[in-house]
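Order of writing sets the chain letters: A, B and C. Residues in each chain are counted from 1.
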Amino acid sequence: MKKILIQLDTDALPSTFDRVVAVDAGVDELFSYGGVTPENVETLVHGAIFTRKPSDLMNTAIFVGGSNVAAGETLLKAVKKSLFGPFKVSVMMDSNGSNTTAAATVIAAARHLDLSNTTALVLAGTGPVGCRVAQLLISQGATVRLASRSIDRSTATCEMLSKVVNGAKLMPHESQTEGGLTAACQGVDLVVAAGAAKTQLINTDQLKGISTLKLAIDLNAVAPAGIDGVEVMDKAKDRFGFLSYGAVGVGGTKMKIHLAAVQSLFLANDRVLDTAAIFELGRSLS
Amino acid sequence: MKKILIQLDTDALPSTFDRVVAVDAGVDELFSYGGVTPENVETLVHGAIFTRKPSDLMNTAIFVGGSNVAAGETLLKAVKKSLFGPFKVSVMMDSNGSNTTAAATVIAAARHLDLSNTTALVLAGTGPVGCRVAQLLISQGATVRLASRSIDRSTATCEMLSKVVNGAKLMPHESQTEGGLTAACQGVDLVVAAGAAKTQLINTDQLKGISTLKLAIDLNAVAPAGIDGVEVMDKAKDRFGFLSYGAVGVGGTKMKIHLAAVQSLFLANDRVLDTAAIFELGRSLS
Amino acid sequence: MKKILIQLDTDALPSTFDRVVAVDAGVDELFSYGGVTPENVETLVHGAIFTRKPSDLMNTAIFVGGSNVAAGETLLKAVKKSLFGPFKVSVMMDSNGSNTTAAATVIAAARHLDLSNTTALVLAGTGPVGCRVAQLLISQGATVRLASRSIDRSTATCEMLSKVVNGAKLMPHESQTEGGLTAACQGVDLVVAAGAAKTQLINTDQLKGISTLKLAIDLNAVAPAGIDGVEVMDKAKDRFGFLSYGAVGVGGTKMKIHLAAVQSLFLANDRVLDTAAIFELGRSLS
């Protein structure tokens, strides 16, 4: 029986990136939909679950993607709501690569640090990737400082994450002022920059001022770097006395996780590959 | 040479149901188009018939689908108009599952009744499925009472069907009033309910009042049932002295017909699988 | 590794013609996009070049198509602009079959004439196919008279082509008046008609008046013919003392070139199959 992946993309034209990965993951048939909204989901999901027998449904799965992560989260909810009883297919959500990137980032960090004993600063921590990196770090017992230009937004994200992870060690920070950023940097082992492309979030002087720093990970692929001095190809590169990763340095692991996650959808018909599940799967690969 | 099925769907996002069935029917390549209108058809069909040699065209076929059955009928006409001479591909129309459902319904009835000697009441007989069930029943020699809330609409549908089937034994009925429904029920062997989801068309008392009733088939999958007392999983189930089928009970046959119909498209390049042809094909399977 | 072709089509519904040819050319996975605009291109191309390793990118390619040739040219430019360094995939542009048709036309002419010693008249030479036929003819050393109803447009096209081909022997002509057409016909060996369907560009009397004529090629597939007296199935058919080709007569070669061009995309990751490259490829087949 052929493995069918149904790609529900919130952009008008479904992502070629996700399609190539699906093909390379061994999917036999890819049904790609663009411009998918929550209103379309029930019909699309019912068509998927009412055709093959429940015992065959592990050969059908759903991938939720698109550049808008919030829209993808809404679609994922709608997909889960349309599944019931034995009429289930596995589903993965990775809009804009947010979940696989966050998982690869925290896995890279865990190679060098004992996360349960780590204090981490996540810059642009209210964005889709930063927020997921923070979630995974606190789920591993790290103490996280979640920084944003706006203290209100970082506070809101921290409140949201406290509900997702029990016993979160998490603190909002403001990173727009030099004083705010300096305070956030104080005594951290790890800095992750998860901001928009071409946006520097911390300069070399500020970075060198963190005497406790062991690892810096910058997820921005387009220069100027988010962390000044870190380069896109860095992969456990020694810089100024700490190790650094750039976006491409994390990218190899991200791609492996993405491939393995798509493959794992076809091992059962009831998997939900969200942020936490994709991270667990990624850890099992290393 | 690869078997290509071109799915022309009148909905914006082409049906996942029809796509899964196409894959499971052994189609090698599925070209799925959503939002197809009669204006698009000629270009799409010409691209299909002017690429491969006429002797190879049995490996290319067209499937017309979508939730709107009337729109699908218009597309089917446009497809047929775009084919000519040796430049032909086989085509199947099954918008909203209307043709395969109607075929499966009448095949289920034929398992228990001699249709040429049957009087049948089709409730919601002016709808896309009801109208097709009525067509197939009269084509098998049954006497059909075609009921609708509106006598005008049932009369119009009967007139239309009389042109489709020669020597049709067919009578319009009004089913909105209790008197009208009672008259329609008088002396029938078979009741088929083909109404909208969640809409009861006949209650248990009215049903039990039909002393001649041998078989009741309800095609509504979402409770409350179209025929009060019939359940969705019923399959030749004995209830109150007659047999009953629910939507899922008919669904297995429907799915077999759908699969076989798609497969048969690739046995020649000039098949037109419409209501009558899909029924004939379904009968050949049992 | 599976061969992936990404079809970027400027029409709302991507061409079935191009899809069937892609399948028959051996493409394993076809990603078809309709309604593609230059704004969409970068994201689609980056998704294609950032998934597989550069050494694997010869298994991914892009096809630009659609009925609007000018829009396709703009897309091709946008695709080329999105490729860089080792992050490249091969790309072919054949909107409305313009490049493969032009190549097949000039290859047909070269079977019967020494092009470097040929004077050719291209009717409707400012259109997408006519302009490409003219380009290829002058690239082979032919002297070309490029005719249009408007002398201004034929002059503009000649100026454009002079920049594309060095040392072009090319002259604009007006073909709306009988005098203009007669002058354009004077002493030519070859007439190519590349006008719109159902539009006669030259009548039999005018044609017979060209005593030097050796070959007439009409690319209009829908009667009335562009060259009066030439029939659509003509293939090196002797008519009135010269040979003639109709659209179908040229079509076999066109189809072979289209198939071979798609296949050749997967032999390297940096091919750009434009007008000149498709012609060269077509010549290597004969």
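Here is the rule we use: a residue touches a chain if its C-beta (ideal position, glycine included) is under 8 Å from a C-beta of that chain, and two chains touch if they have at least 3 such contacts.
All values reported here derive from a predicted model rather than from experimental measurement.
The angle of the rotation superposing chain A on chain B, based on CA atoms and rounded to the nearest 5, is 120 degrees.
By the residue-number overlap criterion, the interface of chain B with chain C counts as different, with under half of its numbers used by both chains.
Averaging Cα coordinates per chain places chain B and chain C 46 Å apart. Shown for chain A are the residues that touch two or more other chains, of which there are none.
Listed in rising order, the residues of chain A touching chain B in the complex are 1-2, 4, 6, 28-29, 31, 33, 35-36, 40, 43-48, 50-52, 60. Within the complex formed with chain A, the chain B residues making contact are 12-13, 15-21, 23-24, 30, 32, 67, 255.
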